[in-house]
Each structure stands twice: as structure tokens, then as C-alpha cells.
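Lettered A, B, C and D in written order, each chain numbered from 1.
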Amino acid sequence: MENILMTVVYALVSLFIITNYGLLLNGVVRKIVARVHGRFGPPVWQPYLDIIATYSKRTAVSHGVMFLLGPVFRLAGGIGTYLFIPAVFGSALFSNFSFSGDLLLVMYFVFFGQLGMALGAGEGGHPYSAIGVGRGLSQMTAFEFPFSLSVIALAVQHHTLSITEIVAAQQGGIANWTLLTNPFAAAAGIIALLGMNMHSPFDIVIAPQEIPIGPPVEMHSGLLGMLQTNRAVFTAAKLVLFMNLYLGGAANIPAMIAKTFALYMVSVVIGVSFPRFRTEQSIRFFLKVPLVLAILSVIYVTLL
Amino acid sequence: MNGITSAHHTHTPQAESSLDFDSGKYVKIWQGPQHPGVTGNMSLELYISGSEVVQCKTHVGYLHRGFEKLMERRRFIQNFPLVCRICVPEPDTNEFLYASAIEELAGIEVPERALWLRTLNLELSRLASFLMWIGGQAGAFGLGTVGQWTMAHRDFILDLFEELTGGRVYHMYMLPGGVRADLPHGFDKRLLHVIADAEKLLYEIEKVVFHNAVFKKRARGLGVISQDMVDTYGVVGPNARAAGFARDVRKDSPYAKYSELDFDIITGTGSDAWERARLRYLEMHQSIALIRQIMERMPGTGPFYNRPPNVLHWEIPPGQTYVKAESSRGEYGYYVVTDGSMFPRRVCVRGPSYAHAVTLLEELIVSVDIADIAGLMVSLHTCPPEIER
Amino acid sequence: MKKKDRSRREFLENAGLSDPEKELFCNAKPRPSKTLGKYMEGFLNWSRANSLWILGYGTGCGAIELRPLMTARYDMFRYGIAPRPTPRQSTVFIIGGYASVKTLKRIVRSYEQMQDPKFVMGLGSCTINGGMYWDSYNTINRLDHYIPVDVYITGCMPRPESIIAGFEELKNRIRKGYTQGANQYINNFDWYKRNQKQIIKDWNMPDYNW
Amino acid sequence: MKTVLKELKKTFSIDSVLQQKDRTWFITVQREHAVPLLNHLQSIQGFTHLSLLTAVDRIEDNRFELAYILFNHYEKVTLGVNVLIDRDNPVMDSVHHLWRHAATHQRELNEMFGISFPQSPRNSESFILEGWDSMPPMRRDFDTKEYAEDRFFPRPGRTTNDPASFMKDKLYPEGE
């Protein structure tokens, strides 16, 4: 009994820590992007201020229950994703509920949030939200193919679907990481992560010049605040998940930060240096090289 | 399919009748005026099926200030603060045209050096406008980085303007009979320095934008202006040159000192967004070269201002004229009519966007993906204030 | 809201709309919003002052100086100011210079769709007294007759530095607690509406755009 | 250009010819000859580019003066065709079949001067103004100052200097 209580307390603590980490990560990334632009950029703690200011805005309009539930689902998706991943391998504080949920559950949570958001945004009634939802879901289906296939490759390779065991199988030096033991799967998964992170050229959902700004166009005050919180949690959760899957997890906090940051930098650097795909271009992109890589990874592990 | 308008159906008039907008197959979306992807303050009334535009009506007039009416009740000299505000990104063309029209009608001589200074100003403003434009073009496709760089460099050019004319955006530099001020001391060194930096930036931009696969994917085949559209739609400037017509007011009817500068007209083939972007990029290099030429060939000293007669009761004999110059968007024209009184009888401004942003855009936008509308508008380089004045 | 509130609610007649349209739009009359306790509101004001989101709507030629402001030369992100493309999420509405009658209609619409608390900055002399278009038949003279204005920035055009100074002024006002522009609008609702309808002839939108 | 004008004089009645400057000419033709003349100029004489179509309000002799500014890209000649039409019943034939963007100019003329072009598409739609209920603003007898002052709540305290006296003090203190 205490065991489960302690786990809950631990999970809440690690959730709190990971939220702050996500916020600071966003702040740092804004700084880095600003430097590429030749600017100083906002202070690192700007995301905190933005969230407080957003929550502090009053709201006078509503578009119905589903509209209110959309961001809730999104945030639930983000938190759920995180809660079933061991953030730090072997640490009781950061292992969350990873023993009780396997990779499939996490994958479900990754996409649960977007589906919930789609429902909520559709309720908003703004044409741009509808268009944005359509774009987002179609792109999501596109990058789900390589991602799922590379996950299947991992499962076949390590004979398990539990993330903890996948991480455990990668311990003992960089040579055991999936990045090296199964490079195809890693490549496919990380390219899928680019799409998941929604930086350029895959930021077709919130394309400010095209459909400002997609699904959250009607969201304001608390709802937008929830979305911002989710952006912090979900980004960190996704990075932790991919770190666990491909970069051999992390034995301690600094290792986790280093690896997730490096992983995120891929998206950011590509994001600042590329324009945006059109929807069908992005779908075609995901269904070409990454899909081939993913299939190769499955073949590779089966031949292994 | 998406994003590609082919020449054959763009030339036929829009088939409003064949489309039944009550059938529920089409969604009506107002893009703008409050929309980051619309250039300036105008709006598009779009009928889309899926994400593809089937019909568009442009709505302008959000920036209408009634310049032409206001000019009729201000004296000739009082109009100079007004004219430069007609086109915000590139005011010098307006100043030059109004001044030269007045000089022509009143028969005022302009000293040699003033003409050189005017040419310098015009070319600088062209370069500044182009820099702003390429940032917008890249930003419309989602590459905000280039915009950040170019706007900063445009600002250095604005600093030069401020040093030369005292105004950052609006200069009011050219008056009938010359220009207001001579070059400050050491201006040429600073100018050449800024130009060199801009040139360096352009080479970086070429790497980032024109060697970029995604940009190429987006811009190729977007908004093709076929050869036979150019005359019937009044397409001018880079949009026409990209279609293969060697038309440039600086060559066709030379003004200021352009007849003494050597440059040749850059043309492209098959005017789509990529070709236009490429062409404007080359024209930026060209105007940098022109500015260098001007600085070389400009006479060192000399008078730069012939004082006009007493501008208080300055009556210009009746007459009419049409003067034009090549702005960054194409032929910019002023039609000025005087009736011998102290006020102009009629001043009509012909902005190049007048044809580009209304008739041409309504044709090109058909069957374009809604994602490409911003890119299409920017690639036509539309500027609303000069449409409605 | 509570039951008794709903019983006391007043409704707008939305005279400009046709009957089928009347069902589409909410016709409730807006009501002033209440502020929280002193310290809580102070804390929120501090955060509001440090994260200002501009509505991305270049209503006039003043917008030309917003782009240098947003970009590398005068980097306004340093001060926590960022552009935002939708009215629902933005805090500051910058009226860039003169507002023609056609634009004023959109300005009113966007302003009413912004969520409380919201602030308005009038850019350039044209918003103060018409500037050099004071005798034009299509541009308004005084912006504060149509929407409440927090800060005016003079000049034509105002330099980016002066816009930044204007933002500092706005921040000071917010920290001091002058955040009730929306309530001022709602309390003098009829006066503002009368002024707006006097010059916007074809009023084909609801009286208050929720 | 002179040969072109000679040819034109054969078929159309040209009232006046004015060479404004080198390579810029203005001719005045009768209203009924205007559109055929423009058609001829575009298709045969190579004046393929319509720069501008605008009007001048000649209120003193109760006429509107339309000005079609054409440009010949081969001869590099600018030609302005002026047409005087009656101010009381301002109707003109459309040229949008020759130049598509002429329709836009004609919309603007219809709105700003009240000159109607019946065949021109969307001619009666409002182009720039919205909900305009007064006389067309670009007519000479429309006083924009008065209109603005009784509608737009002018801010008190604006002092208007008489430009003559004010600039006399500033610019020409010695007096000329």
C-alpha cells in the first residue's frame, strides 16, 4: 500500500520536475532560435511569465463542453505519456508507473492528446481550426507508419514491449544503444520525431502565415494555458521516450538532460533552416524514406 | 494539382456561373484583413473546396486616405509630405515622380548633381524594398530566419536615409528644383560599407533560400503568369520580366540619370513564384552594382537645388503630363493635371500593384492550395496602399 | 454564471442583422469583469506586464515599423513582447496609424473579440487628431471616440525606439493597475456604439462581437 | 509617331494633338470614337499596355475628361487619349475586353466619380469605400474638409495656419 502511495508521490514530484524542465527547455530553445536570427531573444524564464499571463486572462466566450475538454484531453495525453515512461533508469523517483504500462500504452497516449484536441478544436467553429485539424491528423497518420514500424522492430529485437526492459537491454556502453544496434529503426524513429515535434518543415498544423494558428485559434486564457503547459510536458515526455528507445535511456539526471537536449536540437536546427512543407508534401515525405528505413529495420532485426 | 495554376484556364474569365455556392460543396473563408499571411491590410474572399481555392474576390480600400482628393486642396509644395506616404515601403519613387511632374509642367531646371542624388535615392529605396520583400517571401513559406536578417539589413539602409534626408521611413527629400540636402561628410564610405554587407547577406540568402529543396518545392509552378497574360492584365516590372519580356522603365523611358548608367534588363522564363524570386534576387545584385556605379560617376560637387519661384502663390500653367518610374514592383506612374491655379487640378497615381493585386491575383489564385496563398501574394509583391491611395 | 445573473441579463437588439443571422450571433450585453484581491491582482498584473502579446493586424502604415521592431535590429522579444495572430489570445492591439472607416469596422470587431484585459496603443499622430489626414473624408480623427486607448505614441511614423518607450509606458500603467480598458468600454458601451455607428454606415455585424 | 497620328486622322476624328514631351503625346477624341480608337491602337499600332485609366472633373464646362494612358513597348511611346463625356449623364463604354485590369479602373471611377461603365463586370460593386452614402468623393463639388469635420469628431485645439502667411514668415521673411 505504501509502495503505491510512494509511487504516486514520486510520480507527482517527477512530473513537477519534468514540467519545469520542459518550460526551461522551451525558453532555451527560444534563445537559441533568436541567436540564429541574430537577436538576443526573450529571457529563459519567459515561458513561465507567458503561462501565468495566459492563465490570468479572463474569458467571456465558450463554445460548449467539448471545446473546454479539448485542451484537457491534450494535457492528459501529455501527462499520461510521461507517467508511463521511466525518465531515469533505475531511479525510484523517476521510474513513474513504467512497470504498469508498456510501449503500446505510451504510443496510445502520444496520439490520444492530438485526437482529443482535434475534437475540441472542431467545436471551436473557426474554419482555420477545422483545416488545421485535418492537416494535423493526416500528418499524424503519415508519421505513425515509420514510428510504429520502428517500435515493432525494437520489440522484436528486445523481445519485449516494456520500456524499462528495452532500456535495460541497452545498458552497458554506447555500443548497446539501439542507435547502433539497429540504426534503421533509430533513423526512422527520429525522423518521425521531427514530425511529432512540429517544427519546420513539419509545422503545418500551426502555420501562422497560412491558417493562423490552426486548431488553437479559438483557445484563450485557461485553455491556452493548458496547451502551453502541455507543450512543456509533452515535449519533454516525447524526448524522454525517444531517449529511452534509441539512446539507451539515462542513468542519472544530467545524462537525461544531455541526451534529450541533443535529441531536441535536431528538430530545432532543422526547424530554423527550412521552410514549411505543404500538407501533401509532408505526407509524401514520411511515406518515402522513413517508411523504407522502418521496413528495413524490421527486416534487419528479423534477419538478426 | 495543388499550387499549380496552368496558363490555359487562367486566361478564361472566372466561371462564377458554373459554381453553385449554396450547394454546400464550398466553404467561404475571409482571409484577412486581420491575417498574418496577407500582405498589408487587404482581404481575400475565398471560396474553397477542400483546401483548394475555386474562386477569389480581393477586397481593398482598408488603407484609403483619399490622397488624390487631399492633394487637390493643398498647394503644390504642401503635397510633398503627402505623396511619400502613398507607398510605405518605397516612398522615394512617389517623391521623385511628383517632383518631376511639377518640374515638367512648371518648366524648372534640375541641376546635374541633384539628378544623381535622386538616382541614388531611388536605387537605394529599390534595394531596401527588395530586401524587405525577400524576407516576406521566405516568411510566407515558413522560413522566418531570412526575414529577420533582411529586415535588419534594410534598417541599415534606413539609417543611411536618415543621415541623408533626416527621415527614416518618409524622406520628403526631393523638391521641385532639386533635392533638399547634399551628401553628408563621409557618407559614401558608410554607404559602400552597408552595400558590401548587404551583398554578403545576399550570398548567404542564396544558400539558405535558393539552394533549399523545400523552398524550391513550394515555389515551383506557383502562380504561373503566361506570356499572353502580361499585356492584357497590365503586368509590369519583375512579374513581367520573369515571363520573358525585357521591359524596364529605366531603359524604356529613361529618367533621372539612368541613361548614363550601364546595366541590362534581367529576364526569366515562365513567370512562376520561383522564377520571380530568382529574378528579384538578381535585381538586388544589379541595384547594388548600380549604386556603386552612381557613387563612382557622380560629380564631386555642384549645386543641388534650384530654388523655385515663391511657393506661396506659385501658379503652374495649365497642362497635363504622365511621368513614370521603375519601382521595385514595376511601373509607377503619376498623371498630373494643372489648371493654372495654385492647386493641382488632379493627381492620379498608378501603382503597379493596382493590376497585380486585384485582377491578376483573382485569376492566379484559382486552384491554388490555401497554404500557398501567402506565398503567391508576396511573389506578386502586392502593396495595398498604392492600390487605393 | 448564476441563475439570478441570467435573469438580470440585458440583451442587444442587433438591428444590423437579418433574422436568420440573429440566431447565429450571441446577443447578450457584455458586463464589466471584476478584479481579484489587491495582492493577487498585483501579481497577475506583473506577469501581464512582462508578457504582452500583440495582435498581428497591421491596420495602417505604422505596421511598417513593427517589422523592424520584431526583427533583429530592435528585438522586442527581449521585453516579453511577441506577435500573436488571433484576437482571442492577444493582449495589445496596436492601431498602426490612421484608421479608415472600412478598417475601423474591423478594428471594432477584433477589439471586441479580444479577451479581457486588453490594451490599445494608438500609433502615430493620425490616431490622435487625424494627423495630416485631418480633413480626409475616409479616415477617423480621434481613435478614443471608438475604442478606449491606453497609450498614444506621437510621430509620423513613430520610430521603433519610441514604440518601445510606449511599451514601457504601457507596462508601467499595467503594473500600476490600469488594466480596466475593457470595463471602460463596457460601462460607456452606448456612447462608443453611438460614435461607431455614426460613421460606420452599413452596420451588418452584431452590436457586440463575442 | 507622326505617321501613326496621320493614319489615325484618316479613320478617326481627332480633335487635338499635343506633344507634351519627347515620346509623350496626348490626343483628344470624340466619345463615340474612343473605344474603336483604343482597339485600333492596341491591336494594330502596338499600344499594348494600358498604364492608367482615370478621369478629371472639368466642372467649369460640365464635363468629365477621361484619360487612357497607353504605352507602346516597341516604339517606347506614351500616348494619352482624352475623352470628354457629359457630366450630367456620365456613361462610358467599357474597355475591359481589351485590358482585363481596366475593369478595376472602371469600378474605381464608378465609385469615385460616378461614371458608370454598363458592360464592365462588377462595375456597381463598391471597390474602395464601404457604405458610402454621400456624393462620389472625387467630384470637385464634394468638400472633404466639411465632410470630415462634421463626422469624425475633430479634436479641439487644432490651429490651422493660413499657408500663405505662415510660409511667408518661415521661408520668405524678406518678402517677394
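Keep this in mind: a residue touches a chain if its C-beta (ideal position, glycine included) is under 8 Å from a C-beta of that chain, and two chains touch if they have at least 3 such contacts.
Keep in mind that what you see is a predicted model, and the values were worked out from it rather than measured.
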Partner chains shared by chain B and chain D (touch criterion as defined above): C
Computed distance of Cα centres, chain B from chain A, in Å: 44
Inter-centroid spacing, chain C versus chain A (mean Cα positions, whole Å): 36
Rounded Å distance between chain B and chain C, as computed from the means of their C-alpha atoms: 31
Gap in Å, rounded to a whole number, between the CA centres of chain D and chain A: 61
For chain D, residues contacting two or more additional chains: 128-130, 137, 142, 144-145
Multi-partner residues of chain C (each touching 2 or more other chains): 56, 71-72, 85, 102, 135-139
Junction residues of chain B, two or more chains touched: 35-36, 61, 64, 66, 69-70, 73, 148-149, 152
Contact graph of the chains (line, ring, star, complete, other): other
Every chain pair in contact, whichever chains are involved: A-B, A-C, B-C, B-D, C-D
Contacting residues of chain D [partner chain B, same complex]: 20-21, 23-24, 26, 48-52, 54, 56-57, 67, 69, 71, 73, 76, 78, 80, 98-101, 103-105, 121, 126-130, 137-138, 140, 142, 144-145, 163-164, 167-168, 171-172, 176
Chain B residues touching chain A - in the complex, by the definition given at the top: 2-3, 27, 29, 35-37, 51, 138-145, 148-149, 152, 208, 212, 214-215, 217-218, 369-374
List of chain B residues in touch with chain D within their complex: 13, 60-61, 64, 66, 68-70, 72-73, 75, 77-78, 104, 231-234, 236, 245, 247, 252-253, 310-313, 319-322, 324, 331, 333, 335, 337, 345-346, 348, 350, 354-355, 358-360, 363, 388
Touching residues on chain C, where the partner in the complex is chain A: 30, 33, 44, 47-48, 50-51, 56, 71-72, 75, 77-78, 80, 82, 85-86, 88-89, 91, 115-117, 210
Residues on chain C engaged by chain B in the complex (per definition of touch): 55-61, 63-65, 67-68, 70-73, 83, 85, 87, 98, 100, 102-103, 106, 110, 132-133, 135-139, 156-157, 159
